[in-house]
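Below you'll find the structures, each written out as structure tokens.
Heads up, the next two complexes both have chain A, just with different partners, chain B and then chain C.
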Partner chain A sequence: MGLDIKKSINLHNISCPMNFVKTKAALAELQQGELLEVLLDEGEAILNVPRSLKDEGHQVINVENLGETFKVIIKKG
Partner chain B sequence: MFKINQEIVNQIFKHGESDAPLEACGYLAGKDGIVTRCYPMDNKDRSEEHFTLDPEEQFKVIREANSLGLNILAVYHTHPATPARPSNEDIRLAYDPNIVYVIASLSDKEIKAFKIKKGEVLNLKIEIEGLKICGLELDLAAMKKFGMIQQKQKGFFAMRLHTVGGDLTVAQLQRIADIAKKYGEGFVHLSTRQGVEIHGVHNKYLEIARKELAEVGIKMGACGPRVRIVVACPGEATCRWGIIDTKEMAKELDSRYFREDTPHKFKLSVTGCPHNCAKATENDIGIMGGMLPRWEEDKCINCDLCLNVCPTEAITKEDNQYKLNEEKCIYCSICTSSCPTSAWVGAKTGYTVFIGGTMGKIPRLATRLKALAEKEESYRLVERALRYYQENGRKKERFGHMIDRIGVDKVKEEILNGP
Partner chain C sequence: MSLTDEQLERYSRHIILKDVGIEGQEKILNGKVLIIGAGGLGAPIALYLAAAGVGTIGIVDGDLVDRTNLQRQVIHFTPDIGKPKVISAKEKIKEINPDIKVNTYQYLASAENISDLIKGYDFIIDGTDNFAAKFLINDACVMAGKPFSHGGILRFDGQTLTHTPGNACYRCVFKEPPPKDAVPTCSQAGVLGAIAGMLGTIQAAETLKFFIGKGELLVNRLLIFNALDMTFRNVTLKRDLNCPVCGQKPSITALTDYEQAACDLKGQR
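Moving on to the complex of A and B:
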């Protein structure tokens, strides 16, 4: 997509709420407006993590379905 | 006139059946002419046609009754195969003109009382009264109506309490614990439908336990063919998915219908959203909060999250246009609450009404009567559905099975648009 991804983490097989905690920790290292790429599982993870990020003011800008996982790009809010 | 309690009558028949084909016999004791206790005793004769009490046992029972302030009011015996009237043998052997002879015929399922004076038989009018619970004279079937359920242990009851949506205050919980300790067996049982039961309460404590529970606002529950306690999930009050106020609706339904008689048991549930935690589709009537989404193009950033979280693939994408397939949508609000830019918005929220769900012996998932009704409309439909079942349901036929017998389309049509 030609996006400038600052950091990438793989949260495959990391369950709730640890996946959200790790996502937040990774976002903490970024500046506002920078992008984080996260690999999230189907099911609870793709349902809960983006919604919790929304509550905290971050924005999901793209979701790509890879089968059992999703590649999610998040812009730090 | 001879007054006897239903519980005692049951005990006499039970004794008779366990000793049949021999005659069973015993004493009935009580106070002020009312029998309160049954003492099953041994028939020394071991005969199918006559009986003799064992003098030693007689003495023991009389002493025990006297120690409780009771007098022996009657001698009972059973006739396993003949009617409830004194045989020649009974008349010949009657020794006390003041005592009442109670005869229970197992073959005729009938109980009668007599006095026998010098060979002459005097028929007494017998009045069977229920236990005195809730200020009423009740029999066991009627007690079930008030959530007092006889256990297999003779004389002991499970007290099923009334809750709405499974909510109890701390004071209520403390009182329940207190009662379970004092009159029960020191534990409570939680039912599968958010009910609380206190087990092992002897019938002599039922009324006092009931009163002590009532002091903190706990009513008795219900059992048998009637509207049971209303189940609800926490809904909008605490749950982030909650679309409707489940507690308010559960309370309203409870106040309108709780304990109303129905052909068979009748269960209501209110669930806050299509996650269906309160299992609206497994109840005779279920109400489910729901939200119909609408896509607003100008807000959308084409992230595709909605496509990937919709549980039913109701959202499709064509040329950066996101479309809703209403046929597939279950109104779950996952898209509206997930969309990072709130491009999916709630176009309409409402109350989806389900009818005819049941688990139990013959499970059946509910039929959707109406999607996203207005609140008042959903109350109206509940009312009509319940009345329809009361009019058309057969005994021992759950609502859903009635619907299948009559036909889903016909029932839906008549509830929705009938007179």
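Moving on to the complex of A and C:
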């Protein structure tokens, strides 16, 4: 897709809510409009984290199912 | 400033909040708060601000821990009887959160020392038990342009307001201390222990809101509660342009110590 990913974090095996906390910490280091790539577990993590990020005004650009995990691209709002 | 993994965990329930987040938690961590009085109000205030991660906490109190304090001053434990309150408080703060820098001032705040005491702090908290100190803190903070939280409790009642520069101060509402002995102190009138926690935690929440800069502070408002009826009331306040300390032509331009009822000074003599 040729996306300019500024930062990438692997949150495989990191459960709720620490995965959300770590995503917020990563986003805090980016400028508005920049992209963050996050690897999240299936189940609770992929259900909750993107939703919470949307609630805080960020955009979920893309979600790719990798089986056990999901690769999520977030645009900082 | 980048938070460590330990800090992300410790403060996770703050960081999750949209109105706090990483940015708000960093502001809390950089915050410097002075708590005047390590008693009924100061105890829960210090505990919650330490837990919240307020970076620097100063505590002013000249008293020693007394057995009669333990019914409400929850930062002091039975083995602390006889220990300076500021030391007892510092020990608990350090156990809750070793990252906090604690400054102790083991003496009574007075007209002579209060300006120096408040100088290095962002936010001042009145956790004292007498009118002389409350007016002194108000006047010193107004003169220095420092925001502060006023708090008072007696029997089943509590009241609190937050002052920020340019808004109503304690003296806009209460012109001067009541005549000595007109109002009983806690030691004469009694106080339900839990209301110290109710009011102190409101003051702690105001302090944290001040740092994160979200919500509405108790500015130009006096919150009053009665725990017997369990009723809470907000009284709207207006800055008094003729206020003797924050008005347009202040008549009070220097700090003075009002006389205190002698029973307030237990352990100070």
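The rule is short, and it goes like this: the second predicted complex is superposed on the first by the 77 of 77 C-alpha atoms of A that agree within 3 Å, B and C clash if a C-alpha of one lies under 4 Å from a C-alpha of the other, contacts with A are read in each partner's own complex, and residues count from 1 in each chain.
We adopt the following convention: a contact is a pair of C-beta atoms (placed from the backbone, for glycine too) under 8 Å apart; a residue touches a chain by one contact, two chains touch by 3 or more.
From a predicted model like this one, the values you see are computed outputs, not experimental measurements.
Trainee: Give one word, clash or fit, describing how chain B and chain C relate on chain A after superposing.
Mentor: fit
Trainee: Of the two partner chains, chain B (first) and chain C (second), which one does A:L66 touch, if any: first, second, both, or neither?
Mentor: neither
Trainee: For A:I5, using the defined touch cut-off, is the partner it touches chain B, chain C, both, or neither? Pick first, second, both or neither.
Mentor: neither
Trainee: With both complexes overlaid on chain A, does A:K22 touch chain B (first), chain C (second), both or neither?
Mentor: second
Trainee: From the CA centre of chain A, what is the angle out to the CA centres of chain B and chain C, nearest 10°?
Mentor: 70
Trainee: In the overlaid three-chain picture, which partner chain does A:E56 touch, first (chain B) or second (chain C), both, or neither?
Mentor: second
Trainee: With the two complexes overlaid on chain A, what is the closest approach of chain B to chain C, counting only CA atoms, in Å?
Mentor: Shortest inter-chain C-alpha distance (chain B to chain C): 12 Å.
Trainee: Any idea which chain A residues touch chain B in the complex?
Mentor: 46-47, 50-51, 53-54, 59-65, 70, 72
Trainee: For chain C, which residues count as touching chain A in their complex?
Mentor: Residues in contact with chain A: 2-3, 8-9, 12-13, 15-16, 18, 21-23.
Trainee: Inside the complex, what are the residues of chain B that reach chain A?
Mentor: 301, 303-305, 307-309, 334, 337-338, 340-341
Trainee: Enumerate the contact residues on chain A facing chain C in the complex.
Mentor: Within the complex, chain A touches chain C at residues 17-18, 20-22, 24-25, 27-29, 52, 55-56.
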